[in-house]
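For reference, the structures are reproduced in the following blocks.
Note that chain A is present in both complexes that follow, paired respectively with chain B and with chain C.
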Partner chain A sequence: MVRLITHNLLACHVKGCNTNNFPLQFRDIQIELREAEFNPDFLKGFMPKIEWKALVDAARQLGDTSLPLEQPEMLDDEFLKNLHHVLLEVKEV
Partner chain B sequence: MIPTPDLRHLTAQDYDRVYEPAEDTFLLLDALEADQHDLKRLRPLISLEIGSGSGCVSAFIAKILGPSVRTSRPTHFSPSLTSSTVYLCTDINPHACRCTHSTGHHNAAPLDPINTSLAGPLARRLHRAVDVVLFNPPYVPTVPDEADDAQQARGIAGAWAGGVDGMGVTDQFLERVGELMSDRGRFYLVAVPENDVPGIRERMLRVHGLQSEIVLSRRAGREHLFVLRFVRAQGASQTN
Partner chain C sequence: MAPKAVVPAVVDCDPQTYEDKNVHAIYDEIASHFSSTRYKPWPIISAFMSSISTGWVGLDAGTGNGKYLRLPLERPSDIFTIGLDRSINLLRIARHAGQSVPMITREVVWGDVLGLGWRSGVFDYAISIATIHHLATHDRRIQAVKRLLESVSPRHGRILIYVWAIEQDELSKRAIPTRDGDGSEWTGKDVVVPWVLSRPAPSQEKGPGEVPVKKQVFNRYYHMFAKGELSGLVHDAAKDLGLHVGEQPETSSPTRGVDIVQDGWERSNYYVELRCWEIPE
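Let's turn to the complex of A and B:
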């Protein structure tokens, strides 16, 4: 039960697990959606903390292909709304 | 006056397995409330609570911080989750994670529980990224093994059994907290005199460059409770 914003912050910390320890792999994927309030300022502030490829891959594994492979330079509203949905409203359960 | 989070969804059965908010919890809430203006000005991106238990403390700080953007949504809609801050909540007790999640749900606070010890799998990605760290640790002095045993059992005793000087668990986190805090980050810790509050403060400044204040203290029955607030000492932001 994890939102993708959290998933993007989790790395395996088991002793000796030094390679391939981020991101964590999903198993038996099920998805839940829950509405969250759209806040573009938060998203823009959080962008530098995101491991972009891991987020895009995770979203695609959960069936959401709305994010571009490269982090865009222009943060238009449509992009931010997609990012908002992926980061904060999709939950892997 | 910030209202205490609504915990009516938690039952006596929950409190058999998860620490029920008590004087130590409420002292931490009061310390956060006293700092509410500074906390709002900080506009934290990431809040991290270690040992969130019922979820009461993180739900409370979410109430303080609230949405940073007011929407024009009509008021008859039920409040949706706000997203101006990420509220990461770890607890080694899986049932505590469930309680934290439901407390978030009942208080329109988007709490993200993670079932792990201390900062565990977050430490690498949150290097110097956390703006608010909250820890009401198991601070009660016990025989040495009791703290480790309680942590391994992942049950309610892990919420209080602290080992020698009540510092068995806290010490492990104090070694790491400086790596988690952002340059403007602040760390709130609950402690009792048996933990050696002056010793904690001296060591955190000398070893980790974190200066502290006692922001609140109160007697509650046999306990004398303190809330300490740590920030990076001036000129110490490049170490670690």
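Let's turn to the complex of A and C:
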């Protein structure tokens, strides 16, 4: 029901459900794609907040392998478009 | 919109059970009618959302029909607000509202404002508009403010809270006492506010030439805030979390705090705007 940007912010509300209650595990996943407005300035501002490994893992579980395993230092347009797609256009339902 | 009538209420059972019956169940029933009356963002809330930096993410705790999720209107994709609410029917509206305007990001999560459902301090801002006044005890209202303070960045987190005031526009002639007998303590007032829902009546009740309408009344619980009570909650919540209240001091010793930037009354509501600050180790 949520986009991967939200999945990257959510934690489990049950105390001690794993070491840091993050990230939530997917179950019976289906995905939905919905176009969103591309805004590179938003993405650049949000980048420092991302739990990168959790995002890449989540994207791969949903079949998207466009993101590199390490967060890149050079933010070129292709990378930002992939990041935009993963964060805001892929919805786990 | 101010209510036409308020009736004193007594919270006579477990507060969670009381809220389930007198708040959550009612919003699920009246969701679409309620939503049709709530569409215009208030100026102070719009201004707050317009002042949020690009790239920031935020939480709308008690989002209702989600009318603040599309703000700021002039640059909606610059920030990302997630709406949280206990009413699944209001969230259905929040998620689909404004679909005629494509490319606007809306995200909603079903949950409780007293829950800990997020990475600690992960949000840059949080708003809670007309929500905390539905919590049935003082402790739960403190808890809600604590959750807001915990959900935003200790370094720069910004928060805006609106609650219903005892001092009402249209009801100003009805003096509702805001202080205890000895005048030393503020105290709010527990009330229920009727919501009249008109539904088409079953066809057999139809009289000749009449539009059949069946009226149903739902009494929603509110805690009407007294003057000073909302900032009092902030002080109590900050104390529990070990935060100083006030401006960031000119000191180098590590400490954390929250500043009350605005504390006011607008159109029958009290509001506070908060800013978190931290002097790191």
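Assume the second predicted complex is superposed on the first by the 90 of 93 C-alpha atoms of A that agree within 3 Å, B and C clash if a C-alpha of one lies under 4 Å from a C-alpha of the other, contacts with A are read in each partner's own complex, and residues count from 1 in each chain.
Assume a residue touches a chain if its C-beta (ideal position, glycine included) is under 8 Å from a C-beta of that chain, and two chains touch if they have at least 3 such contacts.
Everything quoted here is computed from the prediction, not taken from an experiment.
Consider chain A as the common anchor and indicate whether chain B and chain C clash or fit when overlaid.
Here chain B and chain C cannot both sit on chain A without a clash.
Which partner does A:Asp28 contact after superposing on A: first (chain B), second (chain C), both, neither?
After superposition on chain A, A:Asp28 lies in contact with neither partner.
Identify the partner contact of A:Lys44: answer first if only chain B is touched, second if only chain C is, both if each is, neither if none is.
Touch status of A:Lys44: second partner only.
Thinking of the overlay built on chain A, is A:Asp76 touched by chain B (first), by chain C (second), by both, or by neither?
The answer is neither, since A:Asp76 touches no partner chain.
Where on chain A do the contacts with chain B and the contacts with chain C coincide?
Chain A residues touching both partners: 1-3, 5-6, 9-13, 22, 35-37, 39, 41-42, 45-46, 49, 51, 88.
Can you tell me which positions in chain C touch chain A when the two form their complex?
53-57, 76-80, 82, 102-105, 107, 109, 111, 115-120, 122-123
Please output the residues of chain A touching chain B within their complex, sorted ascending.
1-3, 5-6, 8-13, 22, 24, 34-42, 45-46, 49, 51, 84, 88
Show which residues of chain B lie in contact with chain A when the two form their complex.
Residues 45-46, 67-69, 71, 80-86, 88, 101, 110, 112, 114, 120-126, 129.
State the interface residues of chain A toward chain C in the complex, per the touch definition above.
1-3, 5-6, 9-13, 22, 35-37, 39, 41-47, 49, 51, 88
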